[in-house]
Amino acid sequence: MKKVVVITSGGDAPGMNAALYGIVKKATEENIEVYGAKCGYIGIIEENFVPLTIENTFPYLRQGGTILETIRFPAFQEKEVQRTAVEIMEKHDFDALIVIGGDGSYKGAAKLSQFYFPVIAIPATIDNDIFGTENSLGFSTAVSNATAVIDKLSTTAASHGHIFVVEVMGRHSGNIAKKVGKAVGADMTIIPEKEFTTEEVIESLDLSKKQDKKYSMIVTAEGAISCLELTKNIERNSKYKVHPLILGHIQRGGDPACEDRILGIEFGEVAIKLLKKKKYGIALRVYGGKIDALPLSEYL
Amino acid sequence: MKKVVVITSGGDAPGMNAALYGIVKKATEENIEVYGAKCGYIGIIEENFVPLTIENTFPYLRQGGTILETIRFPAFQEKEVQRTAVEIMEKHDFDALIVIGGDGSYKGAAKLSQFYFPVIAIPATIDNDIFGTENSLGFSTAVSNATAVIDKLSTTAASHGHIFVVEVMGRHSGNIAKKVGKAVGADMTIIPEKEFTTEEVIESLDLSKKQDKKYSMIVTAEGAISCLELTKNIERNSKYKVHPLILGHIQRGGDPACEDRILGIEFGEVAIKLLKKKKYGIALRVYGGKIDALPLSEYL
Amino acid sequence: MKKVVVITSGGDAPGMNAALYGIVKKATEENIEVYGAKCGYIGIIEENFVPLTIENTFPYLRQGGTILETIRFPAFQEKEVQRTAVEIMEKHDFDALIVIGGDGSYKGAAKLSQFYFPVIAIPATIDNDIFGTENSLGFSTAVSNATAVIDKLSTTAASHGHIFVVEVMGRHSGNIAKKVGKAVGADMTIIPEKEFTTEEVIESLDLSKKQDKKYSMIVTAEGAISCLELTKNIERNSKYKVHPLILGHIQRGGDPACEDRILGIEFGEVAIKLLKKKKYGIALRVYGGKIDALPLSEYL
Amino acid sequence: MKKVVVITSGGDAPGMNAALYGIVKKATEENIEVYGAKCGYIGIIEENFVPLTIENTFPYLRQGGTILETIRFPAFQEKEVQRTAVEIMEKHDFDALIVIGGDGSYKGAAKLSQFYFPVIAIPATIDNDIFGTENSLGFSTAVSNATAVIDKLSTTAASHGHIFVVEVMGRHSGNIAKKVGKAVGADMTIIPEKEFTTEEVIESLDLSKKQDKKYSMIVTAEGAISCLELTKNIERNSKYKVHPLILGHIQRGGDPACEDRILGIEFGEVAIKLLKKKKYGIALRVYGGKIDALPLSEYL
């Protein structure tokens, strides 16, 4: 193991830069050279490689986004393109590829692995919806961002006795909503995984009033029901006046929370350690609170 | 001057609680008792008075919203209701009223002043659109909140080369937009006070690309053009793909920025000092960077 | 289970108020009344009980410190005082006691449990040094606070090429230091559990220079070596000029990080669930990333 | 005016990078090229110039420290060295120099101006102690940083009824201390400009107890009395137990507060506007809340 290439792929997630630093730090100790391909898989095809060093990754350790940038590249689903990617990596003497990304990126990583090219994947998606892992880069930050914004609403809400319905990210998963709803003491949290009725929502608002909570807060994942539709439903079926708010891109952005920095660095270090031991064709994950790995074939 | 009553009125603004603390602090030194009427002018009519002390205001000095709460009370525009308010304040031996609020609240304060009741107004509105003052409570916080949120977008935007159009508060005033646009290095800032064309916006995006800014950011005040309309206009007239975001209530909420805490306490202290000197029928303001006062009659 | 009493004991830890809210929330659902004894164990002896409700705990959910306050009470180590505490709790018809605190508080809880009084303990200490648990309330916040402060130093450090030695809390444990050192990319992290030499520290600084890191950062736990002594040792044995900084109380204070809020509420909910099932004489903990419990007798 | 050179000099101050962006932004509009000399005046002597562009300044607009870095350079007080600097700037066809810094840097700027070389100075020092200006880059950030840290102490302090004595920066000036003391509701603020006695401090603590403030907070500027000495004096002359804390480098560091970003950009834009109008030999300042200028000869 002399030379590895890394990509960040799919949506950017806070903690990606920390992972890059963790990879480079451990690799430097092990005398492994690290290169980054710019903009995800497309950077491999375009042979757009840049050297990654302590000097050029350390300053970004605590910065959100990804210094390697990322662009969608649908053509990568074609077998021929994948084969080309492997050939290019071999041409450049890369001994392994580390892919930092979410669901889609994992699939690509699994495909490349089928060409017997050494690949390790690091989970990074704010939705935390990758199969098999308890945590992924960006999730803690998204929860923390959303919570911080709702906290800001709360002082206003308490001053006026307002009811807020806040929509957080999560098309198929209630992971962010559940954590955020817990953290802000939401009266009800609505997730795609569980049915609900408008009556239940209104009952939770009734209870909130009865308990003298000063303001009420419903958290909904975008995949369950939109903020605006829920607002309409509540206002039609009760006397309540509701203030809707869609958090949107605010959740994904910003500098990584402390957990995502630590997790990112640790993922990076473990990736290099495993490559050094000739362990690949795997996806890192958190399980039982600790980092271990699953075979990439699980993600085909 | 033995006993004064305070209200917070209109929309809540971060720094209102700091002003309450400033009033109580100075009043305590001057042996003046302070009461708050709950929920704005309506609290006077309903004789809903609570004593304000160092003990019950100090802990909220750095908290947003208003511990006195605030409710809209349109009936207060009637002369009879105003007269009743004055009679109730006299019945309770209040020697003066301090009103903390925005435009509408100032008008009410000016009306009460016409009954020869001593009134002082303190400017508090995140829009900073009260005539005559350079600054009002909540404005610094709103600018700082909006800037912080846009900063969060920026890391994501830079990773993907995105264009964001962000809508900030300001129905009639571009004050927030101008400061925020400056602070985030916006490519263009659109305000109600100045006409603009879609072509100009697109040119600013062209320039941004040319200057290799990695991402582009347009800030618009809600009163100039809505985020969604502007997005549509840009996408129809150019090849650009735009991400719209409405900041909404996030701007108004949250704990006061340092400036609003300091300004709130200072407004409160000055209000008591002036009352002590039998100066009233006035509205405090910031002028030339310092606190002075205008006659309330300016706001009739 | 009709009526329980709660104390927060020992040093305050961010997340204690969230735990109070979690307890009250779940207890309200289960028709269990909750009281707080003020200032820790002493509040039981002094029969200083206050009712805890959604109304008076919800607003503090996201606030640091403890609304129940806490005072050191060494007399509680005497068996007679413990017996009195149990008698008082029985006199007031309390069916169980929930203790939120650290090492010392756990010992007290275990003692009371020996009188066959139902007790559940919730781990809360920023040092995260309670036997058997992976996490305790306040730890995430302390790590996050320390990291945020060191981040602030970093921009200055990078502008001047400075070397900082930062001392974090941890008399017997390197838990905070290890996480913080990881999060900030420290050149070396010194902990009480592991010996080190001044030469190793200087070598880490040499390496940092060689890697063009722009600034260097050593993190030390107070129990390993003090900031000032380490500074002296480095400056005596090398040409380096070092800037020492002791973080002190800054780490412990402030509002809880998102994780401590969520963990606090979950601990509180689980405590009530277990009491309801007549499970007591136990200490909650995090194990394998999940909440479970150990017998309190482990802490005698 | 075709080509200007900029330095950041003396201690770094948050907002310096924003000023660089403001300069470059305006200069680009005016077709003026901008270069930075690295590390302050020494960068001129060493002819260490780098081009500054929108591309390489925009990403740092919201970052603390200075991307141009800064090193102390005592030799610059010699007339010969100053003359050399002017010759080098002329050799490189620089039409003007913009100096961003504090007291010492202003003196250097004034000296260069005596060689009839066009110079404009921009005030940047967290102490805000430059003659003639109401505000300087870094001051708002320092106040905000110190306030935020003391806020963190406050929750702990309130939980235990503690007394804190906090030492803020300010060797000759109480500017930071006054603002911070106001913002945190300090019981007393001690500054170098005003004598005080230990008795007064103790009386303020007595009053704090009497007013049921839950905790007490004294703020002292380092130039008035050190934290530790004051602690000793209080504890010797009263029954109070005091917790001292020195804020140190935390105040100076970190990303600029919104005000310093805005002020930095505005200073930068104004500097270019004035150079364009052939106004130089001046120092920008804030006066009456607005930016204007004083002759540099005031700082000789």
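By letter and in written order, the chains are A, B, C and D; residue numbering begins at 1 in each of them.
The rule is simple: contacts are C-beta pairs under 8 Å (C-beta built on N, C-alpha and C of every residue); 3 or more make two chains touch, one makes a residue touch a chain.
Note that the coordinates shown come from a computational prediction; the quantities given were computed from them, not determined experimentally.
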Starting from the defined contact criterion, work out which chains touch chain B and chain C both, please. A, D
Quick one: compare the interface residues of chain C with those of chain D and tell me same or different, with half as the dividing line. same
Comparing residue numbers, which of B-D, A-C or C-D shares more than half of the contact pairs of A-B? C-D
Rounded to the nearest whole Å, what is the centre-to-centre distance of chain C and chain D, using the mean of the C-alpha atoms as each centre? 36
Which integer distance in Å separates the CA centroid of chain B from that of chain D? 28
Please output the residue numbers of chain C that touch at least 2 other chains, ranges allowed. 151, 154, 158
Could you list each pair of chains that touch, in label order? A-B, A-C, B-D, C-D
For the chain B and chain D complex, residues of the former touching the latter: 21, 25, 28, 53-55, 58-59, 61-62, 134, 140, 143-144, 147-148, 151, 154, 158, 179, 182-185, 211-214, 257-259, 261-262, 265-266, 286, 288-290
Considering only the defined contacts, which chain B positions touch chain A in the complex? 12, 14, 63-66, 69-71, 145, 149, 151-161, 164, 243, 245-246, 248-250, 252-255
